[in-house]
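Contents: one structure, followed by commentary.
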């Protein structure tokens, strides 16, 4: 079992202390890889894809087709993010949220420049079965969607495929549907994570039920609790986000999209539901394990007590006849030894009967 | 006691990941049995029943009598479910919910095509005393009710009987009353399940009170906790469903039906009440069992301590007179042996008095 | 201590499963005693009492005096209850609630026929000090109050006395005041039950504080927890009932009655308050008892450890000089025996000092 | 440490059962001391104080000066309280609340006769360091304030001083400010109690941290928990009272008084805050103490185990050479005894190394 | 690890008891250092700084430039604070809050004189790694901001730098932005504290995971719990403050500032989030540590039981042949001794197999 670093739960927002509000600082792990910008324009008839060098290049595309989707992968170059301010009039405070990869999931609307953005966590297990947490931001404006990710994950790959192949409704609908489809794809991935986490719980439970206890179980249980905390931290606030989205009065989302947003909120409520069940199952397991420890100690103590209480009186008696007094008449008797042995046997049997009555054996 | 599979708590919604929203996928156990479609038309005077081959056949019936009830059993053929979209203008997203047998109980209204649907869990113990969870969906439209179940249970059999025989009010009233009666019958079955679960709790409690402890009790308690979680997961959200139903402003439910919906909500509140009491009783039992373990260990330890502390000093004394020193005057005394025996008896009695004072014996 | 049957907590609502809504079924213990119907009519000047055979006889009385109070004792004959439907136009669903003796406390209003009814629990300790739970329903209509009880308790006896003797305000006021006075009398009886329950808690606490522990305390504590659950189940929802009553906009309650309803709600809030304190006290006691068990085990273990660690090394030493080696020079020494004895004493004292330092003795 | 009687937590409201609503019954400890009635009239220029014999005497004073304050000490004579009904038109139900010294803190307004009253608890430690709980009621009407206390405490003495000496704003303002000042003085005294209670917690914590454990600590902890329950019972509902006061729309409180009521509510919120911190601290202490017990048992068990496991094998070996077999060649060897001694030493050392490795010593 | 004094959690608000409301009393540690008053006036073009002797000197400055910021450090001279009343018409009750350094974080508005003030805690670790809690009050009026601190901390130093150097937006904007920037700087410092606290949690967790248990861990855990309580006490109410600020309808904050206040509230929500995760982590650690103690005791008990149960029967057997009976035929046998030794070995091996089967070794 791979341990999750606590650092990944509490990333260093503190690094930004003292800077003016709206300062664009990337708080994640710095790296030198280039930032990828993939442009995707489409309407019912056609799809065009292009890799951009500058955000500003998008201006040529905007408004020409029905939907423009700019996908930015990598946050290490803050100047790229800054271009969003000029191109889409996204406020510096919003960009600060996007770059602050430790941000709590949230939804913000800007009525002035008429866009809204959502900050979420993408959650997945990597090849080493470590839980990975990556921030994803989505900006929805008139005619365009911008997505910003830390790493090139596979989160949006299936949406891209659907756009290319014209599967489902995505090509027939506007940018609000794309926005919904992207969010839906993230929430779908939560169920994959919860599923794998539940598999872990199940395997642990199996061990508990089969009574294959080993000293590492305590540590394993603790790791499961930590993993749960990390998952909850990422998933729990999503319900508020989808609820706000559902209640939003905005021109950005057409009326027909409402049924999809409801579905989104339903999914978020269901993840919260599963999280609560996980929490209760973990609590039950912790209790069960603790009770098992006590029960096991009882069993150990009983063995000790039974052996000790049987043999200690017997040892005393044989000790008596090991004394060297001159005048001990029993020592001279003919059948003293076998009779004593029978007596000791009787004592031992009486003890056993006593323990039997108490249901200890 | 039969164990509930964890899988039945967290069914594989993850299987749908990556598919476009509104994709009709059956996530349950696939099987090849045919899907049953039973049509029931009735008004005050007459009842007609028929097995349909296609959903579309229903069109001939719709609107001819007062109430049309289409009962579909089996979700394995998604094409059958798909026909609901064409026939009743049920939205694809609603059908997705109906097919997703892991869905949380919910109520959704569609004002456009004027129907509402409810997704609930049917809960019952099968012949092996295993708790079974089956999804039931009900669609209420003008003049018709459609019910969709996974398996042919007995959930709606008594309603069917009442319709056939004209018992109760069902034949005198419209489709909204049928809808209510079906929901009421599901909620009634919850009380049967809670009753049987309470019987289990009672039997366990009886064991606790009679002090017939055995090592399996811990496992048994854990199984009860899991069963509780599964029941709560199915029942808890029902209260929200009935509350929404009660507050709904819709033309689908006549005003006279309000009193029945209130009754429905009352039942749901009562199940929630019973669930809370079950939770508290389980918590008390867990605590009680744990305290019992500690108390039992105390009893074991006391026996060990009493026997050990009485005999260890005595053994020491007899050990002293088992030493082989040449010059040990006591060994020569005439009455040393009986006097020593008396001394040992006195020590033992003093010990017993000491334990008596401490109320250990 | 008499144990409460779990059955009394979860009565068999399940018995009604499968019946049409509004079916009048008595779910309590069946018996053959006749149903008592006591009519009481009064105004400021006069009181008339009569035993009725049929509910319909009441029609002669209704409206002649200021207030008519029909008190029905016994639910076993559902036909009697059914007559309420004809005489007072009480809806069948309300009668179903009244007969379902496992119903949660609730208040329902019927604006059509202008009546309201309240279902409550009467709670008292019987002569065997067993907690008894009995359902009481009160119907308030224009000019009349109907009360329905399971058994002839003393719950309303003092109100009857007040009406007969003209004590207090009851004769000067209308049926709404009578309704209030009846509810107030039930809530008053809750304080008697809480008082007796608190006496039990107190006695248990006294035992805890005096350290008169005995093995039955654990069971006793568990019984107190169950009794608490039963009391809470009956009392907790009453607060919602009185709150609804207070907020009700109805012509049934005159404006002047408002101050009394506030008082009623205050009482209900106070019972909830006392319940919460009871819960916390029980939790504290459970914790305290458990800590005591652990502390007691510590004390037992210390005795065992002290005795064992003192005598085991000594026994070893005397064992050494009990060996039969030919060449053991010490055995020949003149003062070996007394010197060894002194040495052993020194070891024992050193041990004692060690334990003293560790504050074990 | 003096123990709080449980009776003081649950006073006998039950004593009133069966009496008509509005019956004036004093439920506290009866005594024969006379009831004191102190009248205080003042405006900016003058103060007049007088001891009254009858409440009705106040009529001569009412309305002559700006503010009239009647302070009644002692509840044992219900006839005195009854006079408030005639003189100030205070409703009998309000007087019942005032006399019921077990009442929950509450605020009630009477718009008809335009007065409001507040029931609070006065909380203080007496000279024996016992926590005392006394009910205080305040009635605010146009031009007058009436305060009713059980015992002559010092609660309002400093307000009286301020009125006499013209300190602060009290003489410049109206009866609403006096009302506020009296409430504020009660809330101030809560901070004194919380402070002393925190001192107790601190001292206990000090003991925990210094590891000066003694067997009475468990009982002491339990007493702290009970004292906390008593304080919470008196203080917790006060927040609701001040909140209601703040939101009240009444002519009794001038607009300028609003800022003071806000301050009052702030104080109440702060007491609730401190209470919560106390609760968490107590919970931490309970946990800490329990963990300490377990840790201590670990230490005891280790000593027992180390001593036993070292000497029991050694004792066995020396037992072997204490056997009386004729043919035991080792017994004849020249250096058998010292060699055996060395062997035993080696065994003991090996054991110690083993325990060292396990970090037990 | 340095311990936080409980006194710093519950400062002596009680000291003020008995004084009239609005009395200006400094409840902190008294000292004789002078109170510093730094005036900072600026607009887009220029900045002027001056040390004032009297608050009244500020009148010359007010309104001349765009923003006036008066920063007061030190609360020991209440006369200085009193001058705020005359100069800015701040109400005495507000000044009382500012001086009461134990006040709960809160926001108050005064519509009459059009100002609002916020009381917050400044939280930081000093050089001794002790957590320090200092009260900071901010008053926002038309054209000015007044900040009042207990000690000259570095909390606002970076804001001062930004004003001087014209970094960020501060010089371009009005006093409301300055007010926001100051609050933002305090909230930023909370993340620094939470970060350091999380480092402590991490180090403790590392110890738990590496199983480097030592007896001080229990105490250390308790200290972490106390530190958590102190941090929560300071941070938790901040969310209410920022929420009120966000919802405020006031002319003091321009509309453009709304986006910054939202950001502020986001930060406060995030601190609350981190606090909750800390609480859960602490709870997990406490549980884990306790389970470890029990598990460790199991291990100790097993060693004791194994050693004892193997050697006690063996000792008994050798004791038997140490008896001095005249007639014990085995003693004469030629190979009795080696055969007995083999028998004992067999018994020991059987015991070991038994323990192996039970998975104890």
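All chains are identified by letter, namely A, B, C, D and E, in their written order; residue positions are counted from 1 within each chain.
One rule holds for everything that comes next: a contact is a pair of C-beta atoms (placed from the backbone, for glycine too) under 8 Å apart; a residue touches a chain by one contact, two chains touch by 3 or more.
Note that the coordinates shown come from a computational prediction; the quantities given were computed from them, not determined experimentally.
With steps allowed only between chains in touch, the distance from chain A over to chain C comes to 2. Following the contact convention of this document, no chain is adjacent to both chain C and chain D.
For the pair chain B and chain C, the distance between C-alpha centroids works out to 26 Å.
Between chain A and chain E, the centres computed from C-alpha atoms are 26 Å apart. Between the Cα centres of chain B and chain E there is a gap of 42 Å. Annotation for chain A: residues 290, 294, 297, 301, 304, 308, 312, 315, 319, 322-324, 328 touch two or more other chains.
Beginning the circuit at chain A and passing next to chain B, one meets the chains as A, B, C, D, E, using touch as defined. Across the interface of their complex, chain D is touched by residues 3, 6-7, 9-10, 12-14, 16-18, 20-23, 91, 93, 96-97, 103-104, 106, 108, 110, 213, 215, 218-219, 221-222, 225-226, 229, 233, 237, 286, 289-290, 293-294, 296-297, 300-301, 303-304, 307-308, 311-312, 314-315, 318-319, 321-324, 328, 330-337, 340-341 of chain E. Against chain A, in their complex, chain E makes its touches with residues 158, 162, 167-170, 180-181, 184-185, 188-189, 191-192, 194-195, 198, 201-202, 205, 208-209, 259-260, 262-263, 266, 269-270, 273-274, 277, 280-281, 284, 287-288, 290-292, 294-295, 297-299, 301-302, 304-305, 308-309, 312-313, 315-316, 319-320, 322-328, 359-360.
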